[in-house]
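Following: one structure in structure tokens, then a few remarks.
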């Protein structure tokens, strides 16, 4: 965990309001793990006040990648940065995906911008078998770059399966009689909820990466609670998460 | 007085932290008078909150010019605007210089950024005889572009007369035995104060353009008072000024 | 779209829509009329009037702060007599509600002002400013004191039949008790909020940036405080509320209505975009349209907690 | 440059410099220690402790506002016992003043906490939080009430010899009266200010953005209010003041000292730049150097009005 002034090396518009940026952050790049995030200061002034959290999408040598969409004022400002601009990045933050232990197949389940962390996870998983399920509202919002074996679902059926990622995934698991897999998922809350229910019911090994409002991103404000399933109060999304075992938290 | 979305046509750096910008503002250009100013929104967000006031430096066809230096956050943002950016401009505001009535010679007295309004005034005065006195702290801060017959004074003597504009001007008036002139002045408060004292003592016809903090710029907030010399309360710099007869206000 | 009913009422005062421009941020209407269509608004609240003219405070009167500004205008105004002579003729021609704001240094002065002005037909309601932070006499000495607010409401009520709106101070921990007192003494509505007391110093000269030392904080910075105050009143007292504080756009206006405001006032935003009020009206119409809201008043106090 | 004396005192508490990190914005020091050098600071104030652990409020607990943020953490904390066991060992190693902040739902609980903790050597002073806006019991019921603040100060004073700092609520019109009561009851200093009550609603769901409905407003937005409160105390009561509210850089810190603060606390800024405190120390040194100030304490209350 450190603060690194990072030069923007390139910016690519990859969707109507979706961008990928590449930053030179050698120190963060060295220690980052898939599923971790960074808290980015989008302006030099005190406006907007808080940093904005984004998943590390990939790491390549000294560079780290982020993928984001224009959501409000902060991401709007971020989208206007140009090559050569310097951004103040705090990271890597959070626990990241747990890739230890035994599993033969990694199943990625991504909804919308939830695709962001998977290129990095795929890279680190190396030769492990990966099957990905990528969902979005429509075809133009599907983010499948650098995601292995993507099966697509769109709400409106404009690309791939018409319906949601969780249906697509569960059909697939049944059809291919998959075993010894671990599900890694990231996406909007309703999707994670459905997936959580499904994987708990089936006793599947499932990790979910969750989002919530954050102030600090590193455990000092207590602003990002998520309820523990065991009734023992709250966990902090920024520090104890953002990745949780689906069984451990209430969404 | 109107609001015009104006495209930035060009930006020129004319000093270390000094810029000249040219904006396409046909409506304001048509009605503007020398000595008036515009209140510029430097960003699209609510930060910084208030507009920033700048003298109209010149008008050329449908375009208006401003000259400004980087002072704080607002002018910093303004200096980063690029050709093609659109600025939201409220103007023209204030009364402007009074050029009616009889005078043979126009004397310009400008200190620092106070040079800003004089190119426009010179243009409108046309063939009238003009002598200008331009002062600054040092040579690199002297703004004399498009200012007729400039006599220079610098505090440190790095260009022209070593000393202040008012000394230079008064020496000149005595030496050349000038008569039937009107002084038009704009600059920092200490300079205007000295000039005011000098012209009142000599019973010279002198107009001063003053600056002060402003919220609205058009008379609705009462935020920009200047004390009237006659004891009758305050005038508003934005509406009754920014140009006053040196006799009429207390600096 | 035209079928959406934007009208709202503040006691017996009917407004064609809930968007008003706040006192002290619109003068007497004439300057801003060059930059926006006043007749499209629900109404305007004129600069605080006192019985006699006031010069206001010496400069510097304003300073910008993060997402806000401090002002210590000191109630500069033309006084009741000149107001009637010079300003009413212009206001009379406007097709919008005219709310006359009164500030005074004594209870007698409030009463005297309202007594004189109540016969002016052009004035549709009075807003009584008991909460100006920038004057030595009156102001917060009244606004932060329950019994003063009670007496002012009661005595002003006695001399006019026009709607009386009391503009409350946010500088208290219990604004709803003030609203309650206003209701009990026959006030028709409350405005919330006026500015918060603030200050700012220059670290090099060590002098206050505004000559009056303290000023009133307004603008987006105070919106969360204003929202909490309006909600507090709404949850505790049954009286119409006019929501004020940091409203920059229609979303802010809608937020105030949701927490309980029957109308809203736009203040500081007028200085930056004098057309804000009109844009809010348009934005609220579109919002209602998208949300299938027939009567804008449905929004009032419709929060879900 | 090294000859500049930055030290300051808060009652009998000596600080190597006036820059503290505020309660609730630095946890118990361990996380932020990875991002800044705590030993360079005057001190840190630990997250409010209650006798028993508290889970805090359900999410959402925070929301950004213009130049500020609302929080309703609800005093989530590990409780006195675990604090002593788990947190003190880390704090003990720090070469900086440790101020232990206490929040409670009853006067007895305040007393009990301080009684237990007063024997912990690592704790250099207590800051008593009587002004948390985000809990049902205690909090502002105490902080906005003069006699409660008096009784808490008096009774806490009775059980410890360590410096007692009372952290005041800004949600009152007369903060200097609270400071006066603290002084009379033997408190060593006051901290001003805690957050202001605010709220924010989503216009589409019509629900409050933070689950607790209201939260505490912090950040640059409140700085002008905090400056006015510190000045009010300074002009009326002779008691050391710790200035808090929207401090983002050394200029803000200097401004607070000029209006009367003997030390300052950095809160929200830690979330954005956890090194803010250190940068303020450096900035103050340079400022003193340029201004030929030998002892930083010369700044305290040096305003010119």
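Note that the chains take the letters A, B, C and D in the order they are written out, and that residue 1 is the start of every chain.
The rule is simple: contacts are C-beta pairs under 8 Å (C-beta built on N, C-alpha and C of every residue); 3 or more make two chains touch, one makes a residue touch a chain.
Since the structure is predicted, the reported quantities are computational estimates derived from the model, not experimental observations.
Trainee: Would you mind checking which chain's C-alpha centre is most distant from the centre of chain B?
Mentor: If we average the C-alpha coordinates per chain, A ends up farthest from chain B.
Trainee: Count the C-beta pairs in contact for every pair of chains, then give the pair with the highest total.
Mentor: Highest contact count belongs to chains C-D.
Trainee: Which integer distance in Å separates the CA centroid of chain C from that of chain D?
Mentor: Comparing mean C-alpha positions, chain D is 34 Å from chain C.
Trainee: Taking the mean of the CA coordinates per chain, how far is chain A from chain B in Å?
Mentor: Each chain's C-alpha centroid was found; their separation is 54 Å.
Trainee: Whole-Å distance, chain B centre to chain C centre, using C-alpha means?
Mentor: Measuring from centre to centre gives 36 Å for this pair.
Trainee: Rounded to a whole Å, what is the gap between the Cα centroids of chain A and chain C?
Mentor: Inter-chain centre distance comes to 47 Å.
Trainee: Of all the residues in chain B, which ones touch at least 2 other chains?
Mentor: Each of 46-47 in chain B touches at least two other chains.
Trainee: Would you please write down the residue numbers of chain C that are in contact with two or more other chains?
Mentor: Residues 66-68, 219-220.
Trainee: Considering only the defined contacts, which chain B positions touch chain A in the complex?
Mentor: Contacts found on chain B: 45, 47, 73.
Trainee: Considering only the defined contacts, which chain B positions touch chain C in the complex?
Mentor: On the chain B side, the touching residues are 1-3, 41, 46-51, 90, 212-227, 233-234, 239.
Trainee: Which part of chain D faces chain A closely enough to touch in the complex?
Mentor: Per the stated touch rule, the residues are 24-27, 31-32, 34-35, 47, 55-64, 67-69, 71, 73, 76, 219-220, 248, 268, 270-275.
Trainee: Using the touch definition from the top, list the residues of chain C that touch chain D in their complex.
Mentor: Residue list for chain C touching chain D: 65-68, 70, 140, 144, 169, 171-174, 196-201, 203, 205-208, 213-215, 217, 219-225, 227-228, 231, 246, 251, 254-255, 258-259, 287, 302-305.
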